[in-house]
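Chain naming follows the written order as A, B, C, D, E and F, and within any one chain the residues start at number 1.
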Amino acid sequence: MNSKTHKTAVVRCEHFNSAHRLHNINWSPEKNEEVFGKCNNPNFHGHNYDLEVKVIGFCDSETGYVIDTKILSSIIKTSILDVFDHKNLNLDVTYFKELIPTTENVARIIYEILRTQLNETLELKIKLYETPRNYVEYPN
Amino acid sequence: MNSKTHKTAVVRCEHFNSAHRLHNINWSPEKNEEVFGKCNNPNFHGHNYDLEVKVIGFCDSETGYVIDTKILSSIIKTSILDVFDHKNLNLDVTYFKELIPTTENVARIIYEILRTQLNETLELKIKLYETPRNYVEYPN
Amino acid sequence: MNSKTHKTAVVRCEHFNSAHRLHNINWSPEKNEEVFGKCNNPNFHGHNYDLEVKVIGFCDSETGYVIDTKILSSIIKTSILDVFDHKNLNLDVTYFKELIPTTENVARIIYEILRTQLNETLELKIKLYETPRNYVEYPN
Amino acid sequence: MNSKTHKTAVVRCEHFNSAHRLHNINWSPEKNEEVFGKCNNPNFHGHNYDLEVKVIGFCDSETGYVIDTKILSSIIKTSILDVFDHKNLNLDVTYFKELIPTTENVARIIYEILRTQLNETLELKIKLYETPRNYVEYPN
Amino acid sequence: MNSKTHKTAVVRCEHFNSAHRLHNINWSPEKNEEVFGKCNNPNFHGHNYDLEVKVIGFCDSETGYVIDTKILSSIIKTSILDVFDHKNLNLDVTYFKELIPTTENVARIIYEILRTQLNETLELKIKLYETPRNYVEYPN
Amino acid sequence: MNSKTHKTAVVRCEHFNSAHRLHNINWSPEKNEEVFGKCNNPNFHGHNYDLEVKVIGFCDSETGYVIDTKILSSIIKTSILDVFDHKNLNLDVTYFKELIPTTENVARIIYEILRTQLNETLELKIKLYETPRNYVEYPN
């Protein structure tokens, strides 16, 4: 067996802290309250989001890397953390002007942003913890 | 790309504390001792089980949810925690009257119980930690 | 040595998710920006707060408890979580109408609220994580 | 300042898995149920206990150690883990034939056992997690 | 559904502490410095590696095990920990005389060693944390 | 009660990755091997050190801070991380040319460096994890 026979996944863990509110602008206040409960608080609440970015590819024989995690970390910082960290997802992040910032949707947007930053030969997967007991994976 | 092109996994983490004993009723005490060692203690021992329930499906465009984790948590509480928590798996939980409560078997039983509670369009996977250093995933 | 010679500390861990903003209403926007940086974002950001409530006293010989953690957990839920969780600390929690909700101040307010709920023979200490890498202890 | 001016604490973390039941033999079943709730289950339940043993003393200038953690770990294994791990605290551990195995009492018994194994010039403190959200410290 | 319809994954977590250096012997010092930065320090640096070994197969109906984790842990100790723990990967471990000990390569070597120790009917996957924020999975 | 009656502790968590070797230059190889075992490996081994820096003082009524953790983090980066991270403690860090880099001694040196950087009215305590299961606190 050699290193070309199997792909390797490399994962970099980052985090950001944001405020948000779950609210469907097409619904009545009553329906929003019924579906989203305390997550619908009009004054917002917030989370420490833990983000795991997984990049899958073949290991380069010269560097021993699938991707240099220093470079991966730098891409995440510029594309995601500078946009999401210490922000209000609903008010400050354009992607969520109309899209409800559930963990599912936040993970998908992060995927779509990072997908444009990485070589197409690399697969990409996102794991996003909203709390230590709730997380999502995209795509699955 | 839109949210319909890929499925998303949503994971809810719960825990329960149980006593158990590994013992095959068809074997001699000597063989049980040989195979299960200190896990065969007739007076039982116990664990804090950490349970991760993963539900995989397409994200609903109105709610931004694959499944509402409040509802998922409630299903887990009623179907699993109320049956397993602060119980003796061998003596109090009917599934283990004859089935040995190894982590593998406990995970499979949890899967089979929850499978009946969820819409068939949703995939289900169980991750169960018996200790921080031993866990299983079912199905794999 | 018997159980009366030393006190025992009992700790219960809880958590809540809140939005907040660091802002001194007596300062100019420039000074607020200079001191609080991105924590001064007028649209708020948020955190998963991890709270550890430590109660110190002598162990009761009949129950083997310093305090029943079910009772302690219930007091924390009613006095703290119902007031702080999924709220905006600045807008929804009266204690922070004028007091800046730094981790130091949030921990002190939690202490002062819980202090009134516990028997005076019991000592009380609060540990509050704003993020996994920043926490405070009060009193010290 | 030199290393003699302040003491240093050295902490070794170990764990054990046990079954137990909270039950006061001098009380009626009703009172036991009322006080201990599901922890009173006659068939027992169980926990992964995380144990932190803190030894405080002056650092030896030749070894740079307060105590060799290999030696400390060995003492804990022989005195505590071999007695408590994969056991039923109520049935298998003589200290709890009459003493209720609350976390408070288990921590105190561990302290009293280890106290006899360590040089008197060294201070000793025990931290014992029954679950990730409930722990005690003894003495305090 | 019965236990034969799906495979189960069993995971055992271990750890080892090693020194290493990232350095390509075919490159100039300048290129090594440019690519590997502070990881190229000629005097080495080091890590606490957390290793998760996942074994996937069908559950044995007599034991309730896919594999006895006591046996799995023993194989890992003999084949991996005794070779890697408290060692300098570059100088003490023959696999890395010419192969750069990046996390990707260390995970692959661990896979190749353990692959020879396990029954061919069992699948094997390796997860290796170099730090809490950087890990790899092999094969993927 | 007001905020002046009690002090508050503020803790900032950082980490660094280093190689080291435990070796007393005044002892024979045999005695070093006997006392330090595998930690005496002449080719070094290494760790991910987790560092918690606790600063204790009164909370400033204008900022709500004991100390700005951004400033504290910056002091730790310049004084400690830039000197210790991705280094060989024995070869690259002058403090350990003669002093054995046990966790006890590393924690004390970190204390002594940081003590000179902080206002004298602030108390300082260091907690240093060498592994998740071994840590020290200085001073105690």
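Going forward, contacts are C-beta pairs under 8 Å (C-beta built on N, C-alpha and C of every residue); 3 or more make two chains touch, one makes a residue touch a chain.
If you're wondering where the values come from, they're calculated on a predicted model, not measured in any experiment.
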Partner chains that subunit E and subunit F have in common: none
Contacts common to subunit B and subunit F (chain labels): D, E
Farthest chain relative to subunit E (centres taken as mean CA coordinates): C
Selected pair, out of A-C, A-E or E-F, that shares over half of its residue contact pairs with B-E: A-E
Most distant chain from subunit D, judged by the mean position of its C-alpha atoms: A
Chain centre separation in whole Å, for subunit F relative to subunit C (CA means): 27
Subunit B-subunit C separation of Cα centroids, rounded to whole Å: 33
Geometric centre distance via CA averages, subunit E-subunit C, whole Å: 41
Sequence positions of subunit B contacting 2 or more other chains: 132
Interchain pairs in contact, sorted by label: A-B, A-C, A-E, B-D, B-E, C-D, C-F, D-F, E-F
Subunit C-touching residues of subunit A, taken from the complex the two chains share: 15, 17-20, 38-39, 41, 43-48, 85-88, 91-92, 131-132
Subunit F contact footprint on subunit C (complex, rising order): 22, 24, 26, 35, 37, 99-105, 107-108, 112, 115, 132-140
Interfacial residue positions of subunit F with respect to subunit C in the complex: 1, 3, 5-14, 54, 56, 59, 62-66, 68-70
